[in-house]
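The structure's right below; bear with me while I get my questions together.
Should a chain be cited, it is by its letter among A, B, C and D, assigned in written order, with residues numbered from 1 in that chain.
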């Protein structure tokens, strides 16, 4: 592939935008050609306007790029755009770009639950991209919008995928220990979280209770038939930089033995494994055998932050089984999720 | 009351021991007269041997007391003993003291689930002290042992008490965010918990799943008939000094309206309220109306750390209702729990 | 005193404003009658507009007070105003209030170094209030402005006061470990400080290097002759909620023995001790004898947060002596400092 | 190099031991062949006995190695030993190994200040290895001991090296913000450091005040003539996992301009650069131009943790200049320092 796909990032100065830039720095298929953020940064260089919060240094290639307005004007030189804008502005702007002809790969929540917008985790429901032509027809758009789920939903749904396939899922109870970076680059005031846990994240529980049903649903009559199970979520913010830990209890249609249950995870092969996508983990689910794992600090970076770790699998006195899972909220749960979606679309011929 | 009850503390140098000392410093009924800990501290003064980890300074009255061996020998000058020893040694030593004639008020887990040992939270099951004469008869002891539950159990069971009384409880799912002090004075290595959550606390989930059934059970045929509901627990350690936060979901026998549900908490009157025990909170349960409360840092000290706070009450898509609760694990969940038990016994005539 | 002094607070929703409200809640001399903050809060109740970040609950008395504009208009019902506004707006507004006739007790940096504005720590230089009549005459104001120093300056200068008096001070090197609350209620992003130290606080070193010279200077010819020593400061932000720790090295005019040096601190009696001001600490300087104290967590609240703690006093291979000191930056270093200044003015007849 | 040097690690289960193992995993010259620790681990596998606290997983190659006793017995199969034992036991054991013929590369403090034991930072004083033959002759040993300095000394002395060379150093004042890992794998109790700073590290200030004088001294008459300047240190522990931050003020023999001062750092070329040692950083000193750097979290891993970062260079009102520096205490300050010393010895022909 001699020429890379020109890529614009909307919301580039935010934390997910920074991760997109960092992960795309040496990407074999994509190169960052445009950066956009809110009006106050337009005209400045990225280096001037962005408070860089990632350990890996800001790539030299973006430092001197001039910030554009988040608008599909003539001079926006990109073949595809990633959107990591705040949800209060993302909705309209993404429509403008899709209308103009851009494929929009979005991490924002604005269109996730729209009937004709695919909500995709490539290892879970790569076939949902079938909504793309329907969306373009419905909306008479030259481009389209595709979304990835909320950072907490992703870890949970990846874990539920092999369970649903092998045993059927009936009830899910999930409690989160969510990292600070999930709140964005200026999200949580240090004085609020030191020596504390905050048991509230706006709109989060609603997302976690609804998005998995679409992800694990089926394409039927030009839309997604929601999966018929129920999820209940408790969501809290803890004093951890990156990596969401989830405590999950599940009731299954058929109750397996513990060995069968563990084996469902460990033998899980992603339906897209054969596509060899650059950002796909070798195995999306890693089983931790230690008594006290997974832990955010030690397991969030597994397989470059794209694999989830599952451990402490044990019977549940109320449901069937319970376990903990950790995933990197900024990579597996946001920027990496968007990039893997883009890679899937490329492999499927949509880009 | 001109003369106070002479009180010994077994395990005085540990963190619960330190809280016992601090809370008893100006207690109207009890005065600390003996301190005991492991053999290596015997003969030293408390001030020399104890690494004091409480903000309030070490009381002058104990600083120069000489540490005794944890043994009911001739020179152990106490009318009652509090035991906050590690569970691996507490079992035998508590028996020695009870055999010799001491009332033993224990925070250790060793005898909690013994058939004839009361496991008591005064606001929940003050009548379980009826096991004391049975225990003395069974074991031919002059003294006796009475216990309080695990720190996580206490917050949970206080919350369940009005629910059980008014609606009946069927299923309970609880996930904990437990504070560092619950692991004792040297419990968690800082390098393990900074930027991390540890999803494992030894034996904790088992205790939280079993103790509430005894607490909410009934005295019948000289023992406790366990309450007939089921609890499932996920327990984790978070980077918080004090205050356990619990995410609780409940399925009730009769599903009330939200208002009825909230009212069960807010109208709860403790069965021991009329006893006016010195350490009893004005109201054991406080409802927090803010969207993001209760929080460990701001709510753990409510009513001197003896009241629990409940908030974020909302319907549950899987069970009936869900909510969060915070309690001070060292006060309400350990030292204060023991002292309140001692006060109850005094009021009931057992001391 | 049957009637309390009516008190307005400018910048009431900020963190220092909250501490002012909390500390004045049951003050014997002052009662809060007006609250003002930025324009966006005007007309709302304090309870609606303020994100309360103090453990002690918001006083009921202010919850329903309606926020006013920070302007000395007709309906501003106060005898005196405390100003804890951000320094970029405080300068002008304080002048408006002083011009109109209000005594302005300011915690802001805007006027601290003005020639005719007193910069006062009551235990250090209560006589500098002599500038008040000069200021009023110079500026033709009915009211006046009096200021307290920066939070780091206060701890340092209190420690230097007995040293200067007894031995003379020549050189001071101070390195700070400053708490998060010093940056205000929304100051430090949690993601920036977790597992980190930030070795930069805007303008802080300049303040710490200059303010002590005015505080320890003398009133001469209607202004302050600066004290003739030099201070060098390194200032950093650490992951601590409250309590600034300072590492201080001093070269004195006359080098005392270690015992003399310690005794200078321990025998220090504040020049205002006899005034019995309600917020004055019993002893402004407490010596800690333990090998590892003072520590922010354990020593910040000494004497209601109004005493500083000094420890680890030892000879310095480069200067004469070195030591550590802790002070509560929000109480001793800000809100409590302003209130103590107001009490001093009352005792001196300026209010 | 077809055959690697067989390497034993004494104190393998400690935190520095773990870093040695991790850094040697794919080392081109050394391979780990023996692991030893305290008696209680002897006979167990490393995987069983070690609580691994490094993010990078435990190498498979050591997991099943059987722990040996730390004694140079017949079956200890190594050409060289690294010692990271606690200083209370290291002294004697290192002598036993050196006596028996082993080159001992030590990170322990026991022999650092012995007259005939080299204390080396390769970029600072590689020529001090000239003490090795003197040591062997003095002590009639077949092997020898070489040491690296304390973790705080290393960052400081690397920074002082170009200053001494270009301007001469007269006085140094250093205040540390030291990371938790410097206290070893079980060093700091989480309850002691959360929301706190501990202004005391046993023996640390003494080491920081004396070791730089030996490092920057000269070999003369078979021993080291100490460098003739003075250092004063304040040392504290902060809530950071890895990376020591130092605030440094220096008085030089000749006061340069700011540009000259900065240039001394930025133009510094290590005397061992031409040796191309595998663990040597490209540039040992990196200048950070941002206003708020260096910071432990973002700068500790520069050049695989082997380069120090210097920033906030500015004039000092008391001395000449002041600045901050960050170095990774476990890599540059301990395990990596030992390995670089071993590489230097190999290049110099001592191994």
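Rule of thumb we're sticking to: a residue touches a chain if its C-beta (ideal position, glycine included) is under 8 Å from a C-beta of that chain, and two chains touch if they have at least 3 such contacts.
Quick caveat, the model's predicted, so the values are computed rather than measured.
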item	value
Greatest separation from chain A - chain, by CA centre	C
Of A-C and C-D, pair with higher C-beta contact tally	C-D
Between chain C and chain D, centroid-to-centroid distance (C-alpha), Å	42
Intercentroid distance (Cα basis), chain C paired with chain A, Å	47
Where chain C touches two or more other chains at once, by residue number	194-195, 239-241, 297-298
Touch list for chain D against partner chain C, complex	171-173, 175, 177, 194-200, 209, 230-232, 234, 236, 238-241, 245, 247, 249, 291-298, 311-312, 316-319, 322, 324
Residues of chain A touching chain C in the complex	15, 53, 180-181, 185-195, 239-241
Sites on chain B touched by chain C in the complex	55, 194-195, 297-298, 301
